[in-house]
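Once you scroll down, you'll see the structures, which are given as structure tokens.
Next, two complexes with chain A in common: one pairs it with chain B, the other with chain C.
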Partner chain A sequence: MNRAAQAALLLFLLLFLFAPFLVNPGLVFLAGFAMIQIVFALSWNLLFSYAGLISFGHAAFFGIGAYISAVALRDGYEIHFVLLILVCAAFGALAALLVALVVLRRASGVQFAVLTLALSQLIVVLIGYSSLLGHDEGIAAIPRPAIDFGLFTVDMNQPLTSYYFVLAVCLLAVGLMWLLAKGHVGRAMRAVRIDAERAAFVGIDVWRVRVIAFTISGAFAAVAGAMLAPWSQIITPDYVNWLQSAQPLFAALLGGAGFFWGPVVGVIGLSGINYLTRTFAGLSEVLVGASLILVVLVAPQGILGALKQLARRRGGRTPGGHA
Partner chain B sequence: MILDVQGIEMSYGALKVLHGIDLVVEKSETFAIIGPNGAGKTTLFKVLTGEAMPTAGTIRHNGQDITKLPAHQRARRGFGRTFQVARVFNELDLRTNVVISIESRLRYSGGNPGPWWRWKPSRDVQAEADEILDRFGFPRRRWNDEAGYLSHGDRKRLEFCVALATKPEVLMLDEPTAGMSPSDRKEMTHLLARLKAETGITILMTEHDMDIIFELADRLMVLNFGEVIAMGAPGAVRDNPTVRKVYLGQDHQHA
Partner chain C sequence: MRTNRRQFVGGALSAAALTGLPMPAIAQGGPIRIGCITSLVGGYSQFGEAHARGMQIAADMVNAQGGINGRQIEIIVRDDGLKPEIGVATARELAADGVHIFAGVLSSGVALALGGVMEELGSVFINAASHGNNLTHQDFRKNYFRVTDYSAMRIGAGSQLMADRYPDALRWGSISPDNEVGRSVIETAGHWLPKAYQSTHGAQVELLETSWVKFGATNYRNEIARLVSQGIDGLIVGLGGTDEVTFLQQAGQFGLTRQVKAIYTSGSEFQSAAALKARTPENYWSGFHWYYGAYKDNPLAQELIKIFRDKGYGDHPDGFVGMAHSAVFAVAAALRTGAGETAAELVPALEGLTFDSVKGPITLRAEDHQAICDVNYALLAGASNADGWEAVDFARIDGTPFAGAPTPGTALAFN
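Here is the complex of A and B:
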């Protein structure tokens, strides 16, 4: 990764860290929402850029986390919220594992993507029938938990505390994904994405790597969903719908799918567009569409790819190359 | 015998490409498969490595039937290979290419590639990768270059490193010098000769360059239209009249 990209990421981190002191509460809410979408987008990109799998139904796993978390908070389950996040992760992982075991045996390309889409839309329909999950209206007025850590309590009813708790969990999730992606498991995944057959001939079990990647990805998507419930305090089937599934794809395209940090840049870009156009109904979709077309035409490697190319043109070869 | 191949037949749709190939490879020998373009050499390689399933026949490795074993499991049993058109992990640097191969080997051979959260290869893995790259002529300053930007000859050499990093018992090389410049070709031949002398590895190779075959091969087999037309020591095969007619040509410098 080159200097410009590093500087941009550092700036984003600082903005997220100090957002409550810099901007109005409405923007702070959006910042928290963006962090959650970043975790979700990164979980998707772990599949796409690392294991070479496209999921069009990834919101299903996000939704599993969101709804489990929402129901548990609404109905006042006696469960520590951190444990609840882990339960959500476990269910996300389990669901993803089942999908992978059933679907990946048969397909890994576009068919796989479409099957995941079909499964996630099926879940949307099922939610519509469920009174536990609030039918089409979803679950509203979700109470925020006060989380007891022994030495101190994190009360999510305090806006500032709540924000920093979401930030901490998201940073942790991003950190874990980064370590995984950069470690030997991530390397095996990338080998599979770049050339699955070549990978097999050095003894890598391609199918197994893909199943593991999908399972881990489902777990992190569910963690993102689990954080959304107390943050937005409302969960609707929209968060399971195809448009939510498409968000990581948009973010990855915009930011640069080939880069670990690409989706981060993308989510921030998309959030920016949404925020700036919030008073003009429909304009945001037009702008998102237009900027995606622009990126695909002008900078197919996304914003980070364009930055990398600029750096190269200026003569500075990027050590390590591909970030 | 390390490899015992019997009655291999293979078709692409209606096109039958291999018509009952029998061959036996002994441990530590260099066995060459030669034949004109389209004879079926690469197809035979595909069948042996698990890239394609034969329509008939059996493959035994150290006495065990591996005909139906998928490619990665054959790799784990000690089969390494290179492709006629070199395939490396393009977007990754030279080092990472070799590291992936070493880490894979450690995973399946009871070694330890380290915990998942280590964002750098372990020191041992790193050292081993560097040693391999160094041994096969990649200077340190190039280890961080992206493999996709390598010249044709260098890609072949890197793929060779990637294959060797799994410490294969049997190395299958599909035209290791195809498309190389004469100097690269000489260097590759030299590397192979050294590898053979130093490690006693079993090599199965195809090659169009007869000089290389005669320099390296202990035995060879001539394939023509998917059939074996001669097999034996290089000298004997060279003097075989059928072979001269279909393949070597009367005016070949070695004839």
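Here is the complex of A and C:
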């Protein structure tokens, strides 16, 4: 990653850290959403950019976390919220593992993508029939928990506390994904993505690596969903449908799919466009569409890719992808 | 070009709003600002636009009379994109900017989400469209008010209307979306339709099993075939909006609409007739939040209709215009009692308030904040005029007997 990109990411971190003191509460609320979307988009990108698998139904795992969290909070289960996040992660991982075990044996490439899409849409339909999950209206007025950590309590009913708790969990999730991507698992995934045959030749179990990648990705998507329930206080099937599944793809495309931090830049870019055009009905969709077309035509490697090329031309460092 | 101080301050405030920087709350001496949060993009944008127009016309009418205690009403229109999180973010942003009164909203999801945060924001939300039973019953929120009728009233009154007009229609079928509003419609019809026929004619009505469909479905052929095979005399349609248009069009092709003696709907206003024109089914009663043709004796309604037409918005103001107008009039009436704009003062002022509206007097029931008002239906048919359709009859029914007992926090129970 070049210095400009590093500086931009540091700036984003500082903006998220100080957002409650810098901008209005509406934007702080959207910043919380953006942080959750960042975790979701990174979980998808872990699959796409590292393991070379494209999922069009990733919102299913996001939805699993969101609905488990929403039901537990709504029905007042006596479960520590941190434990609840872990439970959501476990269910997300389990669901992803089952999908991977079935689908990855039979399909790859486009077939895999379409199968994941079909599975996620099936979940949307099932939610529509479920009274427990609130049918098509979803679950509203989800109470925010007060989380007891022994020495102190994090009361999510306090807007500032709630924001920083979401930020802390999201930073932790992003950090864990970064460590995974940079570690042995990440290297194995990249090897599989670059050339599965050669990877197998050097002793990497390609199928196992893909299953592990899918499982890990599902777990982090579920963590993002689990955080959404108390933050938005409403969960609807819209968070599980194909449009939600497409969000990480858009973010990765805009920010740079070949980079770990690409989806972060993409989510912030898309959120920024949506926010700045909020008073011009219809303009947001036009601008998002135009931005994506522009990026595909002018900078196919996304914003970070364009920055990297710019740095190269100016004789700066020439970092590799996945920085 | 020189820039004076006022232009500079105005520009700076606009820039701050655009970039999301914190805005100073406007002092009490400024205008009374009402946030119109509605859907301005996509398939429901025509209704959202109607909301914005209705509220603006109401504000203009109040302002022309000198405003409220000398203060003008200002309407701030924002798009919620039919997404709860956008609606909530908009409300939070406007609340931080000193706006504590919100109205509009088409989607039940957005209505639920906004209702849930109003107390935290010290604000009041006046819903002008959503009519699921849940909003003033099991999902009741203290700072939420509804100025229009709801499914229990609409379908209850519609059922009585059917019993009055079609005494021979004793075998009824129904189609409805499997969502809160759709279930509300069928549950209400299941209670009121047999009761209405029994009390009016001493007749037994047979209600056949409902054809449940998904919201946004585009193919109703299987459901239509089923309804045809049920041999029904009457049909309850809980679909609404473009779903209803699609269904009625397909039902016409399959002969279902010619088979039945009567059809009544939860409420697509003019939409189906405007789309189907000459293909509008016979004996098709469309539910309305407000049918302007039923209020020729109401000066307020006549004034709204005139302004609407003078502005070139069209000839037929719909119920979304009328109820958005009523939302502003409810706020104006509450503020005239001396209440302030914050929830702490406005909620008690709105509870039990009776105010004059384009629909006549509306009372906001103190217990559950539900409007007690008329229910409107119009019999629409194809016509050889410029519109291609016309209203051949209408019904203006007192909704009070159908409103049910207020049970805030508990689901509506029929007995």
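We adopt the following convention: the second predicted complex is superposed on the first by the 319 of 323 C-alpha atoms of A that agree within 3 Å, B and C clash if a C-alpha of one lies under 4 Å from a C-alpha of the other, contacts with A are read in each partner's own complex, and residues count from 1 in each chain.
Operating definition for what follows: contacts are C-beta pairs under 8 Å (C-beta built on N, C-alpha and C of every residue); 3 or more make two chains touch, one makes a residue touch a chain.
Predicted model, so just to flag it, every value in this text is computed and none were measured.
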Should chain B and chain C be called a clash or a fit once both complexes are overlaid on chain A? fit
Contacts of A:4 with chain B and chain C, given as first, second, both or neither: neither
May I ask you to decide whether A:212 touches chain B, chain C, both, or neither, giving the answer as first, second, both or neither? neither
To the nearest 10 degrees, give me the chain B-chain A-chain C angle using C-alpha centres. 150
Is A:114 touching the first partner chain B, the second partner chain C, both, or neither of them? neither
A:238 contacts which: chain B (first), chain C (second), both, neither? second
Between chain B and chain C, whom does A:246 touch in the aligned arrangement: first, second, both, or neither? neither
Does chain B (first) or chain C (second) touch A:204, or do both, or does neither? first
Once the shared chain is lined up, is A:278 touching chain B (first), chain C (second), both, or neither of them? second
I want to verify one number: the closest Cα approach of chain B to chain C after the superposition, in Å. 35
Would you pull the chain B residues touching chain A in the complex into a rising list? 49-51, 70-72, 75-76, 79-81, 83, 87-93, 96, 99-101, 103-105, 107-108, 113-121, 144-146, 162-163, 165-166
Note: in the complex, chain A contacts chain C through residues 22-30, 33, 125, 128-129, 135-138, 140-141, 159, 232-234, 236, 238, 275-276, 278-279, 281-282, 284-285
Residues of chain C defined as touching chain A within the complex: 17-23, 40-41, 45, 78-79, 81, 83-86, 88-97, 108-109, 112-113, 115-117, 120, 132, 139, 141, 177-180, 214-215
Can you tell me which positions in chain A touch chain B when the two form their complex? 176, 178-180, 182-185, 187-188, 190-191, 194-195, 197-206, 258, 319-322
